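For reference, chains read A, B, C and D in written order, and residue numbers begin at 1 within each chain.
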């Protein structure tokens, strides 16, 4: 009887613009191959875990939410192709991704025109959410994180002379600009500002240069895998200056790769796996059970991105449309995610509570004065 | 004087490949260049066609000095040549090889090509007709449409002559055209060379090992040995010149 | 400061040189660019990583096994992507190696995952100061291994029958065949040796940077190509010098201009050198 | 002498033209049209590289640089100076052609692999300039908000509008590049590739021809870049990498080096294959790699080799 009813309903909906047949889908556009594949991979893991939990609990009144993951290689053109494919696929009600801001920006006009939510777990490019009202991000912008880290360095750690090393990509530039602005405002001096091109693995020349400037601390705007290499090279050069950086450094991999070279590294993170928060505890346990590793910040960001969308779906009354998903996302207040309580502001950016972390005895611990 | 070389010297490291050679080629004659292997004949050819720059000395075509001009400039002043080691455009057709001798001097430019203008079509037809003419002269009309690399060896040599003819040269410089040809083919070659000189009014400058070809063909002959000119004269004079005989016999064991 | 930068540049340059040796050997014999060399380098590194990290094999033993494995890979690479194309245009071979390279990179991505791995070698990564300049043990090891490999390769090339055959083929393949050289076997041997050298470079570089990942061969492969051209294409010592020049110029450009332009500067130097020495720094003139 | 009749290629071109015009009426899927649009852009790139590398024989590994220069010139002109589409589009092509001349003149005397590595280095230098000259190119931030093309009162907005715009430019490129390649002019370029010395002794100034081929190739790559900039509305240095140069080269080689129909087919295959295998997620590039290897092992001189293409261009139907 129920089946007949559903089929009947489907038959009716098949003629309406946003009719959904059977299960609903999220699209995931992420770099599954190529240079950024390690981040795309955890995106996929985080989202899949969120959906699995949701569906086990009965889904959306019996409707399962599934995932269509596509590989963008970190190439903006591919991300745009994926976007076009997703917006044409009427089963897809929202999109998660991409990892890099360039991919998000290339895809944005397509999602915006078609009216499909693009929720990036990591894009921190200031222009991203300005591309239209269907763009959302679930990561603290560097406008918020930069000054926060600056205060961490200047006030909490008492460092007055900072050197800056950043990766020459959109994220790196915005991150270091905001840190520098915040640090100078507090009265600190920037003694050196060095960049490197993506793909560089040898930082010894810029490190040697910085060594001559005698900074108290080095702010690094880069990902954890690069930071581990950099820390090791510092050690080999006999440099003993503390490092500080953004949530992009928070990953168990940092310690695995960097060993004792990253001991004493400071960073902030919206996600801390050893937090007492029960939501976080349950997430870390399940993630560990499923994938055999502790989640990093990128996995947590993606997990929450999926969680936010699922919460939005649940709040929708009646027929689910792409437009309603967008409106429901805007209406979410204080969603209890593993990366903290989340609310989108009117520009679709988020504010999150950041935790100050430090690497001690081969593990990340909360920084306490 | 159509072609003149004055005190030409070409040095490769310590080796003097061409050593102070003077020569003159008169309009309308068939001028032969002979000498043992390694005498510097091909190097001399390379100098007069601009493939190599002489270390010293000068070259004149029609009283105009052309000494250090690049090969295409020299070609445009009226010397066209063939090579001892065949240098055909192997992937191109027989007729395309011949036409290439004409295109650069035609009105077929890039713009006309793109626009397919009237000039382009007229020139294309003119070139094609002339190419068929030349193929007739060198006896290769039956090979039209063939890729150059698929021709028998002797015909490849004839094709190279045809290609050189297509530039409408004043002087045709042939580097051992009979090499690798059988009796029948070299008879055809002789006939063709005579035709080119007599009917087309083109001066011939020829390097050849085949004495039969040289003696029956040439009006005058120059002999080189160890980079130096050792004799010059009519075939009959050369045949009896003791220096020449020594140069050839002395080299044989 | 300047002294330290020179040491930094030298160390970076040696990493390029090490990769360039195998690359140049293969190019020297066949005159073909092997785009898959960087992936052989990566596979060699991953084999060593797997042996050390998962099977607890001694680092040195793992290093030797990885070299052997890379050599074997070179053999199959030649069999699959080069031998069938020996009479084809060089561009065809290039695209074949590109196909192999793409395949291997993504294959490694699936087997080992895309993330960066590392192995712990506390002794190798320790460093000491020498007159105010910091030098690490692994840098010394790389220097020694590069010299040994270069020396060993020259021994093979100039003292063994295989080496004689390799040199003969690099001069004139057709004539070598007529002179009774077993061309098939010799070319296969060249690939085995060249790829083994590539694998060795991969393991050392993985250890040096403490990073093993599927795309690790891309940049070194590119730089090896450039180093080889700088060194004049077929000269092994030339390639080593080319690599060192590349490393030092990059490091200095990064240190005294900006790290943003360091790669651009190194390519600019390459172009300028080629404009003034169109045959590379130590290259002999090849006939047209 | 010559057989009369109708050239076969003209018939096929006509059929393709009609199909091309009708295509958006038959297929309404926006995604498919987008992919076809990208494929058209790749065809222009692959044909232009074929002129340089296939026909003229200059092994060029930096074609993405010309593509990028065209895209950036068009994007910067339209975003910063609000220049009209037609002007920015043509400027993109001419700018890239000019860069081609700049790099072509000094390097053209380099031979073989030395030329190859120089073009590679040049390509990287261009990308690094785009990445690091932040005050002009916005560096890694890329250029967002490239406006819709507008000319003669027509505004290009939808995928289908873009389809016809790109299709028109494609036809133009095909006509020009085919005419150059399959003509006496093309024979000269091929002759230079086959034996430069012999060409010189026939009175051909080979340097001028080589540089011209280089500039024309760069110009069309620049036009393709300008189209891409408008089409995607956002560009960043990530789209003009060495990997992209190699990708374009692979299209040319798989299709058949020196063969224009081959360059088209190669572009179609390599632009569509990654999309067709998209459902394989992380396994997709493995398959693409194997496909590339398989094709080249199967047909060494490409799917439509140069000689096959030339025969095809001369084929006639009817008449005798």
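Worth pointing out:
Basically, a contact is a pair of C-beta atoms (placed from the backbone, for glycine too) under 8 Å apart; a residue touches a chain by one contact, two chains touch by 3 or more.
Every value quoted in this text rests on a predicted model; they were computed, and no experiment measured them.
Looking at chain A and chain B, the chains in contact with each of them are D.
Here the chain at the heart of the structure, going by C-alpha means, is D.
Of the two chain pairs examined here, A-D and C-D, the one linked by more C-beta pairs in contact is C-D. Distance between chain centres (mean CA atoms), chain B to chain C: 48 Å. Averaging C-alpha coordinates per chain places the centre of chain A 37 Å away from that of chain D. Taking each chain's centre as the average of its CA atoms, chain C and chain D sit 32 Å apart. Per-chain CA centroids place chain B at a distance of 41 Å from chain D. Chain D has residues 128, 131-132, 197, 282, 285 in contact with two or more other chains. Residue numbers of chain A whose C-beta contacts span two or more other chains: 32-34, 37, 41, 168, 197. Applying the touch criterion to all chain pairs gives A-C, A-D, B-D, C-D.
Across the complex, chain A meets chain C through its residues 32-35, 37-38, 40-41, 168, 194-197, 199-202, 204-206, 208-209, 211-212, 225, 228-229, 232, 235-238, 253, 256-257, 259.
Remark: chain C residues 1, 4-5, 8-9, 11-12, 106, 109, 113-118, 120, 125, 127, 129, 134, 136, 209-211, 213-215, 218-219, 250-252, 254-255, 258-260, 262-263 touch chain A in the complex.
Residue ranges of chain C in contact with chain D, taken from their complex: 33, 35, 80-81, 84-85, 87-92, 94-96, 98-107, 109-110, 222, 225-226, 229, 233, 258, 260-261, 263-264, 267-268, 270-271, 274-275, 278-280, 288. Those residues of chain D whose C-beta lies close enough to touch chain B in the complex are 1, 176, 179-180, 183-185, 187-188, 190-191, 194-195, 197-206, 212, 306-307. Considering their complex, residues 29-31, 34-35, 38, 128, 131-132, 134, 139-142, 144, 159, 232-236, 238-239, 274-275, 278, 281-282, 284-285 of chain D touch chain A.
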